[in-house]
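Dropping the structures in below, format is structure tokens.
Shared chain: chain A. Partners: chain B in the first complex, chain C in the second.
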Partner chain A sequence: MAIQVSGITKQFGSYKALDAVDLEVRSGELLALLGPSGSGKTTLLRIMAGLESPDAGSLQLNGEEALGLKPRDRQVGFVFQHYALFRHMTVFDNVAFGLKVRPRGQRFGSAEIKRRVTELLELVQLGHFADRYPAQLSGGQRQRVALARALAIEPKVLLLDEPFGALDAKVRKELRRWLRKLHDDIHITSVFVTHDQEEALELADRVVVMSQGRIEQIGSPADVYDHPSSAFVYEFLGQVNRFDCTVEDGVARIGNGALSIPTDPAVRGAAIAYVRPHDLGVSPAAGGPGRISGVHVVGPDARVEIELAGLSLEAEMDRERFGALGIALGDRCAVHIDRARVFAR
Partner chain B sequence: MVAASSTDTAFPRAGGAVTSILRKPSVIPGFGLTLGFTLTYLSILVLLPLGALIAKAGGLGWSGFWNAVLTPRVWAAFEVSFGLSLVAAAVNAVFGFIVAWVLVRYSFPGKRLVDALVDLPFALPTAVAGIALSALYAPNGWVGKPLNELFGLKVAFTPVGIAIALTFIGLPFVVRTVQPILEDLPPEEEEAAVSLGATRGQTFRRVVFPAVLPALVTGFALSFARGVGEYGSVIFIAGNMPGLTEILPLLIVIKLEQYDYAGAAAVGTAMLLVSFVMLLVLNLLQTWMRSRHAR
Partner chain C sequence: MPANRSGVALSDPAWMRWLLIGTALAFLALFLLLPLVAVFAEALRRGFGAYWAALVEEDAVAAIKLTLIVAAIAVPANLVFGVAASWCVAKFDFRGKNLLITLIDLPFSVSPVISGLIYVLLFGLNGLMGPFLKAQGIQIIFAVPGLVLATIFVTFPFVARELIPLMQEQGSEEEEAALVLGASGWQTFWRVTLPNIKWGLLYGVLLCNARAMGEFGAVSVVSGHVRGYTNTMPLHVEILYNEYNFVAAFAVASVLAMLALVTLVAKTVLEWRFGAELAATRHK
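Here is the complex of A and B:
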């Protein structure tokens, strides 16, 4: 089911959470709403679910106006950051809840409910946990119960609010892959909210980057990472070196000309240049302008900090390359920029 | 993947060699000191007077004890005290829950005032409450007169009056036990219920109420226990007719005034036993409910 958001605006007191947001969620896709806290991503998700109502704008689910519909009539599955499982119910009863509260005419018999719940619990790999209470499960297991519970009502759309936010790093990664696989299997239109750019880039078909109640950019993960449309997006997606610079005749000069980058001649005057750490090259040079001020080798990667003309730079490379360069703390070095983006101020 | 990981931690390993049945190894210091203090304190404050009471009653011997307790007058007073305390606790459970609900869920002008009002029955001397209630509900009182004229309902000097007095003094117990639980109830659980298709009624019945029930039972038990022991506020409105509106505490006082100390102790002991059993049952019920969804 496709979702069409048009001109949605939401104000909390004097704080504008959403400012005339337009967005189309395509049928069957897995879409990430990515942004820092306070960017309005969760509010947008809650408006789609009907848990919050906007001040203005319209929301269409499959071409039909949905703002007038109650949450329970929207056929939307919602997964909360902190699971929100019913504490006094077993895993089975949690998953069965949505089926048991159906109006009398549409309710399945108890044998059919049991069959469906068992099937869902198998799907989320918790078949043996039906009789447990949520308190007896780990965080990752609880979130999978929450997912099974949301899927039980056969929703047309699945909305997930920071679904991995409360989990530790390892479980988060596992669950992320598992969710991607699940989505590939059942192809339900899904929207998830996250502040973790790695999560959004790895999991989503398309990423919506939000900031201060507005959408900054919509695109595929590769698209938003390689071609960020604004300084905010560049800075938000991944590590970055940020320099103040001045642009003259298509060349951005950084640190009084210690570094220069060719740029779009349309940009003039004061600007900001961004260089990703892996686009910054380092080579040993006896009389070079830079000095190695820090070296951190973590797992397969090496992070090198460089001081150059009063600037602090960060370069990233794989461990082998770092070893081949043969540089050490305190050495002089030269720096070259493979790729950069310059945004006018 | 993560499926098996949680079971590993379910059984804490037994620590060093000196692990006793009573004491699990813990980093929290002061176990011996605090347990010792607690037992001594409770013994002096609670067990000693209760023990003295039972010892006094024991002076009668078994047959003397049963003779003192199994009289129609004492039996009737038992029914009045325990029966009406249960009625009052039940009324409080219903309306106290509503008061707590309103105080937690809605904001309205004067909310803090209402909140403070709930505690007044705690603070007011019970005799003052009793006199005020009997003045109100007497056949010529502000409330008693219209009730009598319109519905033919006599309140003061009947069991209804006793129930009203017991309800009055028991209200704060239910409100104050339910209120914090309602406040801590995560709104997400209700939102989850709604997004899963539940109506408001279903959400309340299946999600909110079960979560609050253990606290409600606690409030009920406290309100009930308070009602059984209540004296001051009841004796003015009760009329104190033996066999009809005479409560157990009053009967004990009457026995004391007649210098029947052992008889008074016997009735007191019987009361103690019944109360203890009822509270124990309520406590077990609660433990069972809580154990099902301990965090």
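Here is the complex of A and C:
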């Protein structure tokens, strides 16, 4: 089911959570709403679910206006950051809840409910936990129960609010892959909210980057990472070196000319240059302008900090390449920039 | 080993522990156990026959009945009000919320005698609404309605005070989840909210009930002390005591004490029966 958001605005007191947001969620895709806290992403998700109502704008589910509909009539599945499992019910009863509260005419018999719930618990690999209470499960297991519960009502859309936010790093990664696989299997239109750019880039078909109640950029993960449309997106997606610079005749000069980057001649005057650490090259040079001020080798990667003309730079490379360079802390070096992006101030 | 060592490091010396436990026990014995024993001892001083006679005496039976009737009206009324108010305060944001919380607490901060007096000033013969009520033939003060009103007022914070922090802590995510899953407002309340607050609600109701049966000050002002008609048990105890009828006074007092004990036992039995479920669901 496709979702069409147009001109959605929401104000909390004097704080504008959403400012005339337009967005189309395509049928069957997995879409990430990515942004820092306070960017309005959760509010947008809650408006889609009907848990919040906007001050202005329209929301269409499959071409039909949905803002007047109660949450129960929207056929959406919602997964909360802190699971929101019914703590006084067993796992089975949690998953069965949506089926048991249906109006009499539409309700399945108890045998059918049992069959469906069992099937869902198998799907989320929790078949043996049907009789447990939520308090007796780990975080990852609880979130899978929450997912099974949301899927039980056969929703047309699945909305997930920071679904992995409360989990530790390893479980988060596992669950992320598992969710991607699940989505590839059942192809339900899904929107998830996250503040973790890695999560959004790895998991989503398309990423929506939000800031201060507005959408900054929409695109595929590769698209938003490689071609950020604004300084905000550049800074928010991944590590970045940020330099103040001045642009003259298509050349951005950083640190009084210690570094220069060819750039779009349309940009003039004071600007900001962004360079990703892996686009910054380092080579040993006896009389070079830079000095290695820090070396951190973590796993397969090496992170090198460089001081150059009063600036502090960060370069990233794989461990082997770092070994081949043969540089050490305190050495002089030269720096070259493979790729950069300059935004006018 | 390390766990053992830290245990030693964290615990006080034995004499200190026993001193603390001893002090607490002595305090309990002096202020709780001793008076309780004294009530029953005094009540039974002339033997069981006299005790029984004092209880089945007409006015005593009327007082016991009246107390139970008042509690039977006031407690359910405050149960409904308490749940509604806490729901309101915990799940919604609105203007004047703090004022509402303060108002709920008002009966705790106002002397019960004054609360009683307010009802006399409002509904009494010379009160604000007195002439109107008299014209309608309705008597509130010095009658059962006045007792019920005063009791409801005094016991009004117990359920709400118990539930508000509990519901605030639980938040409204589970209710939201239920709504999205297709539950109606009623279904959400009965299947999600109520089960989550039932223990807090039970404590609140028990406290409310204990106070409703034991209330003296406010009830005393609006009752008029008409024997057999508007005397609740605490008021009856006072009258008997003032008449130097100690056996009867303590006999009625012992019934009040037993009602309190029954309440406590009921609470303990429920906790014991559902202890496992309680432990499983209390923490997230």
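Basically, the second predicted complex is superposed on the first by the 345 of 345 C-alpha atoms of A that agree within 3 Å, B and C clash if a C-alpha of one lies under 4 Å from a C-alpha of the other, contacts with A are read in each partner's own complex, and residues count from 1 in each chain.
The definition used in the following text is that contacts are C-beta pairs under 8 Å (C-beta built on N, C-alpha and C of every residue); 3 or more make two chains touch, one makes a residue touch a chain.
Every value quoted in this text rests on a predicted model; they were computed, and no experiment measured them.
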Fit-or-clash call for chain B and chain C when the two complexes are aligned on chain A: clash
Which partner reaches more residues of chain A (counting touched residues only), chain B or chain C: B
Touched partner set for A:A285, first chain B, second chain C, both or neither: neither
Partner chain in contact with A:Q136 - chain B first, chain C second, else both or neither: both
Touching partner for A:V171 - first (chain B), second (chain C), both, neither: first
Touching partner for A:R149 - first (chain B), second (chain C), both, neither: both
Chain B versus chain C as contact partner of A:L126, first or second or both or neither: first
Residue range of chain B overlapping chain C upon superposition on chain A, of 2-10, 38-46 or 56-64: 38-46
Residues of chain A that lie at the interface with chain B and also at the interface with chain C: 49-51, 70-72, 74, 76-78, 80, 82, 84-89, 97-98, 101-102, 133-136, 149-150, 152-153
Complex interface listing, chain C residues touching chain A: 173-174, 176-184, 187, 191-192, 195-196, 277, 280-284
Residues of chain A that touch chain C when the two form their complex: 49-51, 70-72, 74, 76-78, 80, 82, 84-89, 97-98, 101-102, 133-136, 149-150, 152-153
Parts of chain B lying in touch with chain A, wherever the complex brings them together: 1-3, 5-6, 186, 188-189, 191-199, 202, 206-207, 210-211, 292-295
Chain A - residues contacting chain B, complex: 49-51, 70-72, 74, 76-78, 80, 82, 84-89, 97-98, 101-102, 125-126, 128, 133-138, 140-141, 146, 149-150, 152-153, 171, 174-175, 178
